[in-house]
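Same chain, two partners: chain A is paired with chain B first, then with chain C.
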Partner chain A sequence: MTATPIPATYRRPLRQRLAVTLEPWLYCAPVLILITAVMLVPLVLGISYAFRDIQLLNPFSGGFVGLEHFKALGQDDAFLRALRNTLWWTGASVFFQLAFGLILALLLNVPFTGRGLAQALVFLPWAVPTFLAGLNWAWLFNPVIGPIPHWLTALGLMDEPSNILADPSIAMWGPILAATWWGIPFFAITLLAALQSIPKDLYEAASIDGASPIQRFFSITLPYLAPVIAITVLLRTVWVANFADLIIVMTNGGPADRTQTVASYIFTQAFKRLDFGYASAVALVLLALLLAYSMVILVFRQKLSNRDK
Partner chain B sequence: MTATRLFGTLAHRAAILCFIAFALFPLYWLLKVSVTPNDLLYSEGVRMWPSRTTLDHFRFVLANSEFPRFFANSLIVSGSTALVSTVLAALMGYALSRFQFRGKLWLAALLLITQMFPLVMLVAPIFKILSPLGLTNSLTGLVIVYTAFNVPFASFLMQGFFDGIPSDLEQAAMIDGADRFTAFRHIILPLALPGVAATLGFVFTAAWSEMIFALMLISGSEKATFPVGLLTFVSKFSVDYGQMMAAGVLALIPACLFFLLIQRYLVQGMTAGAVKG
Partner chain C sequence: MATMEIRSASKNYGTIRVLDDINLEIGDGEFIVLVGPSGCGKSTLLRMIAGLEEITGGEIRIDDKVMNALPPKARDIAMVFQSYALYPHMSVADNMSYSLRLRKTDKPTIAEKVRDASSKLGLDALLERKPKALSGGQRQRVAMGRAIVRQPKAFLFDEPLSNLDARLREQMRAEIRKLHRELGATSIYVTHDQVEAMTLADRIVAMHGGHIQQVGTPLELYDRPANLFVAGFIGSPGMNFLKGDIADRCLHLCDGRTIALPAEMPATMGEATLGIRPEHVVLSPAGETGLEATVELVEPTGHGIILHLTLAGSVFKVLTHDRRWLEPGASVSVSFPTDALHLFNAEGVRV
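Let's look at the complex of A and B:
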């Protein structure tokens, strides 16, 4: 072994070390390049648009306007209404998805014959493309071909069959119901997975000690689920707040802007009015709000877990 | 005691049935209207099943409309996106799973952040970037955008599958003289095939459903994907509900096929992840 030529042992570690350092980056390079080009560069560009006058159909636009867009935003009643609508839309959608998703997960956590089939059927909405889910629910609310207005009339909740989506005071319930239908499986899948990871002997010990099912739920199930619920709600809230598909398909923000959320407002400004500058300013506000929300939740969660210790 | 238990069981089954009915009813109604003849559409509006059924709407949509082209465009876009994303995600996921290197944590954080910010923010700048490159109104442009959006999640998915394969396997191959990339292709990738299939499916479904960027980047029916075509159809011929719903049923097929394939692994896979993480 001592006969090994010295230059070779000197040279190879250096080249090898370089190769070892570079190797993982070669595997990552395609994804990194793509994400930089299609997500990070446009993100930075979009932030710069917020301070510029960019209108697709106006060749003279493109100049810097400073904070003009943001000043206009403060006076824009449609935007302020969209902010309030976003709160209502996001809060209600996430609440119903969580509540029914939790109930469904608890129901599916009990063994019974046909559980596999039942699980496949209740999770099916999750696979339905969102544009189709939106159209499908819009049709169900349509008194011409949908049953819902007729049922509501029969129940005495409606004077005559009319379209919920056309009534400014209740239109938002349409997209919320569609979002709930579509989002329940996501919560149910996540929570069911968490339920199945709770050690079974905990429940056995508790029932030997004489704990009732309700006691077992509040002292075992809920504490185990709490961290999963917290993180799922955080992610889902951000996602639902950004989610414009259902609203664009079902109501397009109408009637009278009553279902316009910030996300659908951005799309309308960019797609219909081709005002990219203003759309980007609205988007920047949404980004800031969502960041602030995430920070508050994370700090709150940190505080809670510190108190436990 | 047995009476309360019986009651509990009954309530449980009834609740499950309610959830199933709620989940399936909209899809059932879609199917029902798509096979209802036009003359019965209004007279039997709220009946649960029409007294006569017809496949005319499907026949018309398949033979006389542009939907077959929209369907083909969507298949091309979603299929290419799924293929490219899965290849890139396999490489990235392998790096995240097997290498320890400086910057790895930042890389994972970067991937996570791309999943958090509002994609609708990118509508305007992406249009501005792709337009001079001739990639607006082009299926290639859509594939590039969709791949970028889906590859972070796909990478995490692939990483999870690679984590489940013992690294002794490729160590042995490398001791036998294979370089790492050969070991990755010939030993690890075949073992991760179920993961590859799941990733393909997830990305395909996501690309099939995407609407916002398709609406923004595609104009005209030549390159329209299914959502763009269906929405244009809805705003143009909003009277023919039978045909619209027949088209809707067609849009549902690929998504449901994929779902039936993976649904058994859904909770199982997530449980494995939860136990490990």
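Let's look at the complex of A and C:
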């Protein structure tokens, strides 16, 4: 209490104070304007659709409807089924992509002749456009022109060659298989890069300590890969959950909506029924769910890396 | 504790032979140091003993059992790596107990052994830390701890101190020596630091170009180097070499001057090299007995002075504790006590 108080009456002139406050914002302005124009405006516009009645075929639509779309969503059985399908489709696709991607990465990490060529070939599916991949797999499953039903019959897994994609109980496996084939390279590339950054002498030390290859995998490889796996699984989950191409091309959501995911449902609502308002509302729900999921994973990952410190 | 025997072992990488006809017998509890310049195959030999590198030819035995085909875990040896190779996701205690846990040793025994090792190495306060929260010296200790908890038949060290600063290296050197006295375990230690080799070894194995050059106690290698390579490699600053022809019990240098040789050396031999360590050269003022030389460079090291002289057209180093004659350009006389001379023939082998 001994410090001399600044006289309360003294204040800088208003203009000067304004200039001082504004200065940093002026420096940032170009970037802020760019971000707003390129990212925020479309986002806000899209979100605003969810609260308006926008149907392309109805010239009188466009009015504000508040939470009407969301109320309708709550009662929409097709949406709830799509939500369940999304869970199944995303979970299974990401799981198989990760599992086979990891196996592939481990195989490619072992030196053998022709490894360079093998690596290049393995990454090929990644370069195939998704629509082509979807068509390709749809044909492969088709008993008239594709071999897969005949193989399955020959193996005794199927009574007679029929189209998996037409059987409501197993139709989802078609797109999941295609998505797995298409997504393995992504995991293989990232995991291989991570594997190659593990110091070799750790494995040597562990083998001298008496660890078998499997024990070495669990005590060295897996802890090293864990952060990479967490982040790639996060990215892939968001990506696959939003990924409608393969389903649209292969099954179009059918048979009997059994392969309809939220993403393909959005596509159907927007471009088949031309109800943009309702599609935006569905998209908003998906966005919220994925954001929540990402938060959980990021917190989890933070915990994991904190524990390592 | 174990004896070890290496019989005409060799190693090829493709068609390149990096180790050739290595023969070595190591007694129980002996501390063997492998020295040699970079790339001479020290690490390769050590890794062959550990089982990390295939043995192209010959045999490696531990306790009279042939190890060639056995994987590392079946050889019961421990190794300390230059990079330490600590498991980054495990705490210090877990790093040390990893091998015991793999062997399904019971918990109380593990705890006791880890406690033992950590108190020996002064790691008690660090047991819960992760390796990345340790200093280089502490990591080095953990790597040692990981090796000693297992009580293996033998320890292998691959340049374990080369990442530490000079002071710490000195301290760790003494600790390794002490530890070896306590544990009495057979050890093979790779280094290219010859001070480490001299201070630690029971016997030194000097290697060059994939061959063993000489095996012997540190003083044997210092006093009676078997060839020019060992003579030049052991000792710091390195031994001086004077080339010339031997006739009439004298070495005739290329500039015509002569050095008298002691009676036990051959009187005539033709081309030869005479070696003398910098610390054995006797300096006297110019004009007195001996060969005259010019001072080129003066390097005070604190405990002495290294003089670089020009003698018979080449550099000749003298280590002296006398602080006079310090100016470059001065002339001095050097003479050699006859019992400090080493003679090598044209092939570089000691005579």
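In this section, the second predicted complex is superposed on the first by the 264 of 309 C-alpha atoms of A that agree within 3 Å, B and C clash if a C-alpha of one lies under 4 Å from a C-alpha of the other, contacts with A are read in each partner's own complex, and residues count from 1 in each chain.
Note that in this section a contact is a pair of C-beta atoms (placed from the backbone, for glycine too) under 8 Å apart; a residue touches a chain by one contact, two chains touch by 3 or more.
These numbers come from a predicted model, not from an experiment.
With chain A as the common reference for superposition, the partners chain B and chain C occupy compatible, non-clashing space. More residues of chain A lie in contact with B than with the other chain of the pair chain B and chain C. Looking at the shared chain after the overlay, A:Q215 reaches chain C, while chain B stays out of its contact range.
Once the two complexes are laid over each other on the shared chain, residue contacts for A:A166 go to neither chain B nor chain C. Judged by the touch definition given at the top, the superposed model places A:P223 against chain C, while chain B stays out of reach.
Judged by the touch definition given at the top, the superposed model places A:H150 against chain B, while chain C stays out of reach.
Look at A:P129: by the touch rule set out above, it reaches chain B but stays clear of chain C.
In the superposed model, A:A206 makes contact with chain C only, not with chain B.
When the two complexes are overlaid on their common chain A, residue A:A78 makes contact with neither chain B nor chain C.
Least inter-chain distance for chain B and chain C in the combined superposition, rounded to the nearest angstrom, is 7, based on C-alpha atoms.
Taken together, the chain A residues at the contact with chain B in this complex read 21, 23-25, 27-28, 30-32, 34-35, 37-43, 45-46, 49, 54, 56, 100, 103-104, 107-108, 110, 112, 116, 118-133, 135-137, 139-140, 144-147, 150-151, 181, 184-185, 189-190, 192-194, 196-197, 238, 241-242, 244-245, 248-249, 263, 266-267, 270-271, 276, 279-280, 283-284, 286-287, 290, 294. Partner chain C is touched in their complex by these residues of chain A: 199, 201-202, 204-211, 215, 219-220, 223-224, 308-309.
Across the complex, chain B meets chain A through its residues 12-13, 15-16, 19-20, 22-24, 26-27, 29-30, 33, 41-42, 45-46, 88-89, 91-92, 94-95, 99, 101, 104, 107, 110-111, 114, 116-129, 144-145, 147-149, 151-152, 155, 180, 205, 208-209, 211-212, 215-216, 226-227, 230-231, 234, 241, 244-245, 248, 251-252, 255-256, 258-260, 263-264, 266-267, 270-271, 273-275. Interface of chain C with chain A (complex): residues 50-52, 71-73, 77-79, 81, 83, 85, 87-90, 98-99, 102-103, 130, 132-133, 146, 150.
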